[in-house]
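Presented sequentially are two complexes of subunit A, the first with subunit B as partner and the second with subunit C.
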Partner chain A sequence: MHISEGVLTNGILIAGWAGTLTGISIGLKKTNPDKIVKTALVSSAFFLASLVNIKIGVSSTHLSLIAPTGLLLGYSTFPAVFTALLLQSLLFHFGGIFVLGANTFTMGFSALMTYIIFGKLIFNSNNRKTVAVISFFAGSLAVIFAAFLTGLILYFSDKNFINAVKILFLAHVPVALIEGLVTSFLILWLKKVSPEFLL
Partner chain B sequence: MKIRNFIIGLAVVGLIFLFNGEIFAHGTGYRQINLKAIPLEFFYSTGEKMSYREVKVFSPKDSKFPIQTGRTDEEGRFAFIPDVSGDWKVIVRDEEGHQCEAKINLTSLSSDDDISPYRGHNVARGSMAKEAILGVSLIFNIAAFVKLFCRSKNKNAH
Partner chain C sequence: MKMILKLNIFNLVMILTLALTWPNFNDGFIKGIVIAVKLNIFYIFFAKFHDEIFDALMNLRLPDKFRILMILTFRGIFILKDRIDTALTSLKLRAPNLHGIMKFKTFAYVTGSIILQSLRRSENISRAVKCRGGFNGFNQTRHSKFRKNDLILYTYIFVVLLLGYA
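Then we have the complex of A and B:
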């Protein structure tokens, strides 16, 4: 879901950085120093998830772990996502430095929204089936929302991207289902073995 | 009499067209040509091939509209035949927004000239595991630095 360098207009790049820097500053203020190691752990998982390729027909995609990142980190999502995407950009050339603001915003904001909308429902529920279903929806909708935001950014940069946006959106439907399953299993497992790891 | 001759004439012309259907049809043909093509191979920085991805070729004359479009093959390969010298651009994009841009500077179109191999900037092939470990290590180093910074800040506050 990384937008490549040289695709977006200057206005969109600046807006992306503005949103990302706001998210990072709020995230740093709200991050509990005792939970920095946890933030690093989730950030590492987010960083490595992009290397897990999933074959879909002749095409392939990779995991993003947007929802688990948001659900586990809450407001600390933005600094974690920014660090992971910065290293992905430097080490694997995913995205780019100038477009890092926009990429961090699409994924960080989707993760944060997942936490705000689904966080309390998941953490306060003790029914495993309910948790599984809500987590599945959280995981799937996070990917759909991130794809929608990415599409919106591409569309506002250049209206000619409309076909690319449609393909991008459709390509992420199977990814959303896989991410939903991964999120569901992960949250259920953490609730069972280490509930204190959840916020 | 005139009408009869006209009908006979029309029937003869009709028969000619019937048995010579190729008169108005466009024929097709092919021949092998000996032109120098630019073969390129596209891959992700993880080493995975960019198979069956959308390709756009931009000539030095027009950087806005592609002169040729197509798809890479299973091996992530694509070739095009340049018709002018200058800076050519080949962009390969996938459905997720990943993009690889190959820039080729052609000084001459002579088939006698040897075309040197081109290599893009995103060619980190084979070192994925090493970079993944480095990335995780850097994240934890940053975390350790932030933790130390917070601790020293708290000490100073007390």
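Then we have the complex of A and C:
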């Protein structure tokens, strides 16, 4: 879901960086120093999952683990996503330096929203079926929301991107279903094996 | 500095070779520049990351949490990559014909177990590091100062990045 360099207008780039820097500063303040190791490991997993990339027009799709990142890290999501995307843009040229703010915002905000909306429901429920269903929706909707935000950013940059936005959105529907399944199984497994690992 | 000089002498030859052998001189030249930029970034991150970059991040006055997060994420990538490779090899040998939902279920379990195992080991190491003065104290004994060479290196990195993104 990385937006390529040179696609967005200056206004959108600045807005993306403003949102990302706000997220990072709040995230760093709320990050417990003892949990930095966990944040770094989830960030590494996010980095590795995002490497399986398929190009779609001016954007691309991949298995992103957005929802698990949000559910495992909570408010520390933004610094983790930013670090992973920064390393990706420097080492593999996915996205870019200038567009890093917008890319971090789309994924970080979606992950954070997943945590805020679905976090308590998942952590407080002891029924496996309920957890599975909620986690599935959390995983799927996180990807759909990230694709929606990416599309919105592209559309506001240039109205001619509308067709690319439609393709991008449609291409993310199967990814969302897969991501939902993976999130569901992952959260169920973590709740069973190591519930303290979840927030 | 010497290694960077040697690397870029090679880059110069590579850029010239690409520019002169490519059907269009400009296309070949740009391809060469892009490869040279990537080689430089790879060198800076993979060969120099542990000491110089750590110090540079410290000198840039970045928040400690962010600096430590960046270093640990970078190391975590290699740890997870090794474990994922091992897990996927054993998965291929034990269950070569996974299809449908079972495939995603297995992928989720493998991902979860790798993160969890790595986290437990990393937390143990992190506790040991804290006993020895923590991440902040780790580099203070050889804290570097801003020198002429650093100015040359920063200017060089800035020019390389500018060329790469131009």
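Here, the second predicted complex is superposed on the first by the 189 of 199 C-alpha atoms of A that agree within 3 Å, B and C clash if a C-alpha of one lies under 4 Å from a C-alpha of the other, contacts with A are read in each partner's own complex, and residues count from 1 in each chain.
Everything below uses one rule, namely that contacts are C-beta pairs under 8 Å (C-beta built on N, C-alpha and C of every residue); 3 or more make two chains touch, one makes a residue touch a chain.
Everything quoted here is computed from the prediction, not taken from an experiment.
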Overlay on subunit A: subunit C relative to subunit B, clash or fit: clash
Partner chain(s) touched by A:47 [first = subunit B, second = subunit C, both, neither]: both
Subunit B versus subunit C as contact partner of A:97, first or second or both or neither: second
First, second, both or neither for A:88, with subunit B first and subunit C second: first
Partner chain in contact with A:36 - subunit B first, subunit C second, else both or neither: both
Which of subunit B and subunit C A:2 touches, first, second, both or neither: first
Partner chain in contact with A:178 - subunit B first, subunit C second, else both or neither: second
Which superposed partner A:190 touches (first subunit B, second subunit C, both, neither): second
From 8-16, 26-34 or 134-142, the subunit B stretch with C-alpha clashes against subunit C: 134-142
Interface residues of subunit A shared between complexes with subunit B and subunit C: 33, 36-37, 39-40, 43-44, 47-48, 83-84, 87, 91, 93
List of subunit A residues in touch with subunit C within their complex: 5, 24, 28, 31, 33, 36-45, 47-49, 65, 79-80, 83-84, 86-87, 90-91, 93, 96-98, 178, 181-186, 189-190, 193-194, 197
Parts of subunit B lying in touch with subunit A, wherever the complex brings them together: 45-46, 48, 51-52, 93-99, 101, 121-122, 124, 128, 131-132, 134-136, 138-140, 142-143, 146-147, 150-151, 154
Residues of subunit C touching subunit A in the complex: 38, 41-42, 45, 63, 65-66, 68-70, 72-77, 79-81, 84, 101, 104-105, 107-109, 111-116, 118-119, 122-123, 126, 161, 165
In the complex, subunit A residues that touch subunit B: 1-4, 6-7, 33, 36-37, 39-40, 43-44, 47-48, 51, 53, 58-61, 83-84, 87-88, 91-94, 150, 154, 164, 167-168, 170-172
